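There are two complexes below, and they share chain A, which is joined by chain B in the first and by chain C in the second.
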Partner chain A sequence: MSDETAQNDFPMGDGPSAAETREKMLEVYPKKTQRKRGKQMLVNETPETPAAIGANSRTVPGIITQRGCSYAGCKGVVIGPIYDILHITHGPIGCGWYSWLSRRNMTKIRHPEETNYLQYSMSTDMQEDHIVFGGEKQLEQAIQEAYDEFKPKAISVYATCPVGLIGDDIHAVCRKMKEKLGINIFGFSCEGYKGVSQSAGHHIANNGVFKHMIGLDDTPVEAKYKLNVLGEYNIGGDAWEIDRILRLCGIHIIGTLSGGVSYDEICNCHNADLNVVMCHRSINYMAEMMEQKFGIPWFKVNFIGIEGTKKSLRKIAKYFGDKELIDRVEEVIAMEMVDVRPVIADVTTRTKGKKAALFVGGSRAHHYQDLFSDMGMKTIAAGYEFAHRDDYEGRDVLPSIKIDADSRNIEELDVKADPERFNLRKTQERKVALEESGFDFSDYEGMMRQMAKDTLVIDDISHHELEKLIELHKPDVIGSGIKDKYVIEKMGVPCKQLHSYDYGGPYAGFKGAINFFKEIDRMISSKVWKLTRAPWKDDSDSQSTAAKEPVAVS
Partner chain B sequence: MNPDNTTAQGTPAEGELPASATRNACKLCSPLGAAMVFKGVRSCLPFLHGSQGCATYIRRYMISHFREPVDIASSSFSEEDAIFGGARNFEQGVENVISQYQPELIGVATTCLSETIGDNMLGMIKSYQDKHNSSGPPLVHVSTPAYTGTHSDGYYGAIDQLVRTFAKPMTAKIAGHVNILPAMMSCADLRHLRELCELYQLSPTILPDYSATLEGSSWGEYHRISPGGTSLEEIEEMGSATATIEIGHTRAYLKNTPADYLEKTSSVKRHALGWPLGIRHTDQFVTSLSQISGNRLPESLKDERGRLVDAYADAHKYVSGKTAAIFGEPDLVIAQAAFLSEIGIRPIICATGAKVKKWKQLLSSEIEGGVADVEALSGTDHAKISARIRELKPDLILGSSKGYPIARELSIPLLRIGFPIHDRFGGQRILQVGYRGTLAAFDRVVNALLENKQDTSETGYSYL
Partner chain C sequence: MLEGTTAEIRERKALRVNPAKTCQPIGAMYASLGIHKCMPHSHGSQGCCAYHRSHLTRHHKEPIVATTSSFTEGASVFGGLANLKTALENIFTIYEPDIVSVHTTCLSEVIGDDIPTIVKKSEEAGIIPEGKMVIHANTPSFVGSHVTGFSVQCAAFVNYLAESNGAKKNVINIFPGWVEPADMRELKRIAELLGVEYILAPDTSDVLDSALDGEYKMYPDGGTTVSQLKAMGDSLATLALGPMASALAAEKLTKKCKVDHSILELPIGISATDAFVNALRIAGDVTVPRELEKERGRLVDMVSDMSQYLHRKKVAIFGDPDHLTPMIKFLVEVGMQPAVVVTGTKGKKWAQNIREICSEANPEVEVVPFSDIHYLHQWIKANPVDLLMGNTYGKYVAKSENLPFVRFGFPILDRVGHRAFPLLGYAGGLRLIEKITDAFFDKRDREDPDHEIELVL
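Let's look at the complex of A and B:
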């Protein structure tokens, strides 16, 4: 481990530079793959004007990617967490099974008589004869059965790969059954081959939620400050911690899309005066469409990290503009920091100057840099699994992003202002006034601007690249997902799963940050790695290395 | 049925069970089983031809059970490839896998996508090999659309393809060489099968053997492909064995199994046996080992058997007359049913998501005392299993983590066995073969019943 001065001089620590590391990662690939991967791996040379990254491009076949599919993004991530919609997967058994409670998106029923449908995995379990003769009838019956048994408020249908290929019209079946049963029924054409990753599924999900749920219930919401939190999926209870803090401030959340949320809350959430966005990648479409139709402004927040949480709370208070709220937010921050401060003081004695790398999601690889920085740690390399250029370089690159064949296939809704409901709350005027005073709306600066100069940015990292990074730089901790967790740990580096939080969380807000600090401290300070070397294997030469290095020798 | 009749878990409490949808499936998809087998071949990389989501989901579940790296490649179809076919992706994928991993074998399994569009896998493999002058590692292919069969079928299918593709017809026999074709078992089971063979001075080829690849040690240096597994050479030489022990009750009645193939092509004697769990089935297993090796039961096993019988006698008072529900892969369920009936527990619900022909008949040959009171559910799902458990209220449930909601609802102990186990630690090393494995399983069953009795007793005595 290098000392702190060296760390400051060398953004990658004492190992090779980011450029050298990049070269070493690429050299194993065939030429064509080298060219393709080269565009997805950048040295952050000019953080203030980030270079163009080849994000959201097709995964190279045969690279062991961590990416999932469109179905996973649609059903698994965005719509799946809504507990009182009955979800039906139309397809053979695998997809429905794998998305059955496999994300840790927590939920609680609102009333004792309700059923939490997330306990359920409904699938049409298509068999060979359905593939040959079509599965629409099977789907129709499945919807009927689901209705007879549960009488849900809404049923949602998800298409898997074979459905699109054999030409089942799930939307026609949904329309027919909606008319017949008189409840809301809608489908998502989120076949796994659409788009290049789960990101396509997010977009498809946003479109469906917007078309079939948003704006259905105009019942006014009685609250002085009311907003929606978009792109927060309540992994490990994050949404509950955000809700706790906002409540303390006197701010009411109508809908959290879509962690721990109910169908009714989504149908009613256009009554909010503001949308704040956590995961920009998965839900920016919704924020944009709600603004176009209802005039609700949005901006990016980050409740991951102490500094991020404070900044986000202050920005929300400034948006509403009441002194009473602005003061209350400061009170809440001061109150919460009483518990946070001693923990930071304690853990930083062990974590300061340590190196982290983050390869996760479409927002967490950025957000968690804040938490590491709160503990005095440096992020030497980071990348998303399925994000787009704007998540790396900031939304200002949006006009220059070329629409490729894969993105063109995903529907862009033509949204117009609602003739009656647009701007009901006169938010536009307030928005304009704020913008004039330097307040950013519809903003996302992206990950690269925040990262240190000459660190590494790697999109959709492969196992091979990860292995090189560990070999050359030995980060003290890596935040990633289950698919590379054990690869990383086999190499003697602790890995924190940031998709599912392992079994921990929440990590959002103040209490969440405390959980995270303690967790990372535990991982970095663990003595378990020292046990990899048996005492009788030691010889005098390697003993000193063994004491210093947590990794067993080769 | 109205919502008032549903429980907090959302499973129907009573009434007719509808049939069109599968609610909480008791099966996984077939490529998962194939991938597990390919992980049990040395330096083999599993490759799924289709959308990348399949590889990702399967890796995700295998990793949460085994807690080890599981690399599965994918040809990552785009929408275009779904229309025009995946030949180009396949070729590029294989090239990339070779350059990154240098595998000794690539195990290709298909997906719903490539099967639905009718991609000709054999043709693609051939044209890839022709183009590369057959340089590079060999490829093997198994057809695994999830719309036919379950993960169990994918598992047996992959073993079958490996044997048929690589085992050379052989006449010369190597004394002491035996093939073992296990059912979908734990890593600890596979290790113990080897140990048992070695006690008889036999040298086994176990296919698959993922005991090290899916439960390895901490590594000094990183291995692109986890060390361990049965080598391609060993598979090629399976014909030189004197016998093949093929494990799995459902397999015993089948023709054209890989053991049958080896018998026909290389005169390797097929021993079709049930899962060696329980005294009766372990006796049969070691009898086969005796016959194959010509060696008598080793003293150590004799002692293990003795201790097991002693334990059966000691704990009979705790288990006799109890009832159980079992769910999981067909061969696992039959094995457990045989074991439980041997110790005096009635397996009143025996359920599998796979559609198994003559399921009740298969069970009846393994359950002592007839199957009049046994519900044999095949092609079923957890909604139906839960409904029957509510009705019959067994004392014990045996199956994967997916049995937790009903176990919690009814406060019935759930003994976790099979795949996947993602809410307890160590599912990959639950031992349930041989006398030793049976004793471990027996202790777990007895203690689960004791714990439940103690927890629900009014007095809560600590001396039972």
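Let's look at the complex of A and C:
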């Protein structure tokens, strides 16, 4: 039996079917919770025409969830990594503290006289009187002090839950201080209660970056092929590996939003001829808005996984359309594959047919399936933490997504074509020509189309569902986040953190894939899982083989 | 590294830079995890809970379970009653804890949710099963710090649970303060060595340092049980370790159940451990076993052996007040010189006390409560020191100033020792001396010119 048929016959391995598993997961819940969670858990019965999933809906109170808040999505994910902006959290001490260096957005300062503000956590440390009498004065003073002390080129302010509630107008304070200090100062109303997860914060962040940074610097960029990588946060150095590969091909990245990026690069990145999107969830808004305003087309890429990387490179080359570039890309792929092939050949002997499950983020649960499939592993279940229906089912469902009460309050910017700068590089014509030849723009097919039939798709998986999955299927490895990691490992299953990479990486591109293959091989082959049981537990009088008499040195 | 930090100190009234504290609920969560079969519940938006769980997980490398009311904008406007009721129903059905320990966040505090009323309504609606209970602590973060959050949670255990049945038992209550599971284990070992019967609350040992044996237990074997918490009211006496974390609970217990208490420093170093052992000896009416005296002697011996490397070494140190006081005492004891002491928590009296402790070793000591690591960094740029001590965030300062660095306190995100070995007691003192001298020696071995490298130190 070939592997393909094995996957088709036993999409979940030899445990219970996806439908049975789902039933068992739901069993314990009170009725209402059962109904609600049921909509977020699907058997992928028709991958080509994915069923509707209840994604981006409220978290059920009391359920142990993976999700965080809008502030985390805005400050923590999208804006936080810009190293030369001074970031001030307006609120009590905690929010700013927890988002201090806890995501691994790697960055290098560009000039020795610069400051990397990511090593700093700045906040207004609100006290009770600020809550009672308002915190605007405190914020104003904090901005002044930050300016006096650090002289940054820009300051960004983030609102936390209590700030929204007491009604501080952070934007007014920012405007006032911008005028006074003559540097760019802007705020984000990303109070944690907005939306239903980090996702709301991504949107708020996209809006702010677009309004306050994009397009500020029209200095032309001299490069033949220039693009931006959107939705790449340089965890573990991923952006640097993507940059390395693109450079080899002769492609110039103006801005990577927002991993390892500088303020100036963002202000200048509308000079690109293309936006490629890695994490669709966190940044598709930006891609759309830049297209509307400047005419820069975008499409989805995935530099996670060998096949994904190759496909993405070829797609970019095809977009620019020069034979020279198309050939160069093939050369680079061939060159890089020299190192990749022996590693795959080696690790696959141990990883082939093994089962993975992925519950993370808004794109990684999809992207990493490529890496697992590169090593012959099967993804039996997957889901995002804060994605929307389009990330599961593909962008074609967008028109049918209803805006609910939780999303309604998140501003949709009304973006118009820039009278002078729209289409300034004739990208629009090229786009039309390519489209006519069957090239997909503004595309994302979603996770479910790629997953095998009758596997499980679980949005915002709960602690209980995860436990059940392990109990029933014992995947060989699970990709998840910090909050689940040790739960999973206590059950004897290795867990790869796919937010932080367990402080390893990069995992993107070719070199990254090699790192990942070796890492998963280590996890699957680790001897520690065999040590979890003490030999005397096995109820036998004889000494175990591990305890053979030691050999004397003589 | 920290390129923007200069020696020029400007007065800051509104801007906190690189804090030396975090917010109350994480302390409440940590304390609640030390109760057997207890589910900590964060009443507010889910972000706080996610942050607290992540942070505790990074520190302990263990599962940290806690639930949240997952407020949305609607709940923020109309109050969290419905959210908490739904949450309690789910929690008791799905996770089956014996007790749910609700703490508030900034959000629910600003809204003004009245937790006892919500709990009462939930009770009336039959959401809380027979024999199970819900307790609560108010932990807004615009007040206090993670330490006070721990403290009010401990006080809530007493408030809700402790009861006296009249007959006092020969048992000593110990409030351990915010220390590691390994430290809680050490406190118990010392009490057992002395032969004292005790109740330790909370107790995170065997909860947040549980074994890897292929089985996951949402509620591991450890933790103070609800019946122990109740029984605390009948104990003979209470030892409250760490005034900031434990005094409140001990005082409540005295008031509520007439259990005498003494407030002690955390037993870090020689004299603070002596005080703890002595207090246990008196309260339990026991004699100190030879075994423990020998342990003490081994620590004194090591201090004497290493004295030449410690003498008058200048130390910059930051952390939580309860940890700092005995730690600084110990530094003075072993001949070192505290130069600058920073905590993020407020505490004028505390600062005065630290100055007194240092009065002989360094009358000029700079002690600043309600301050931050950035201030400490600026200060040492102008006044060089020999050693930095503090939590993991200190490593950026250590790297930027090329200082030997000893990690202690909360959180430690990049080393594993705190998970296994105590810092408390005489054993902890031995470990501290090892850590401090290792830090000095490693730097020397790495940086000294070849002709100055010593084989024997």
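To be clear about the criterion, the second predicted complex is superposed on the first by the 531 of 554 C-alpha atoms of A that agree within 3 Å, B and C clash if a C-alpha of one lies under 4 Å from a C-alpha of the other, contacts with A are read in each partner's own complex, and residues count from 1 in each chain.
We adopt the following convention: a residue touches a chain if its C-beta (ideal position, glycine included) is under 8 Å from a C-beta of that chain, and two chains touch if they have at least 3 such contacts.
For clarity, every value in this text was computed on a predicted model and none was experimentally measured.
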Overlaying the two complexes on chain A, which is it for chain B and chain C: clash or fit?
clash
When the two structures are overlaid on chain A, which partner does A:63 contact: first (chain B), second (chain C), both, or neither?
both
One more residue to check, A:166. First (chain B), second (chain C), both or neither?
both
Report for A:28: first if it touches chain B alone, second if chain C alone, otherwise both or neither.
both
Do any residues of chain A touch both chain B and chain C, and if so, which are they?
28-30, 32-33, 58-72, 88, 91-100, 102, 113, 115-117, 119-128, 130-131, 138, 141-142, 144-146, 148-150, 160-162, 164-166, 192-197, 405-406, 409, 463-464, 467, 482-483, 485-487, 490-492, 532
Spell out the part of chain B that touches chain A in their complex, as residue ranges.
1-4, 6, 8-12, 18-25, 27-29, 31-32, 47, 50-54, 56-61, 63-64, 67-82, 89-90, 92-97, 99-100, 111-113, 116-117, 145-148, 150, 216, 218-224, 353, 405
Chain B partner, complex, touching residues on chain A are 28-30, 32-33, 58-72, 88, 91-100, 102, 113, 115-117, 119-128, 130-131, 138, 141-142, 144-146, 148-151, 160-162, 164-166, 191-198, 405-406, 409, 462-464, 467, 470-471, 482-487, 490-492, 532, 551-554
List of chain A residues in touch with chain C within their complex:
28-30, 32-33, 58-72, 88, 91-102, 109, 113-117, 119-128, 130-131, 137-142, 144-146, 148-150, 160-162, 164-166, 192-197, 405-406, 409, 463-464, 467, 481-483, 485-487, 489-492, 528-529, 532-533
Per the contact definition, I'd like the list of chain C residues that touch chain A in the complex.
1-4, 10, 12-19, 21-26, 41, 44-48, 50-55, 57-58, 61-76, 83-84, 86-91, 93-95, 105-107, 109-111, 140-143, 145, 210, 212-217, 344, 374, 393, 396
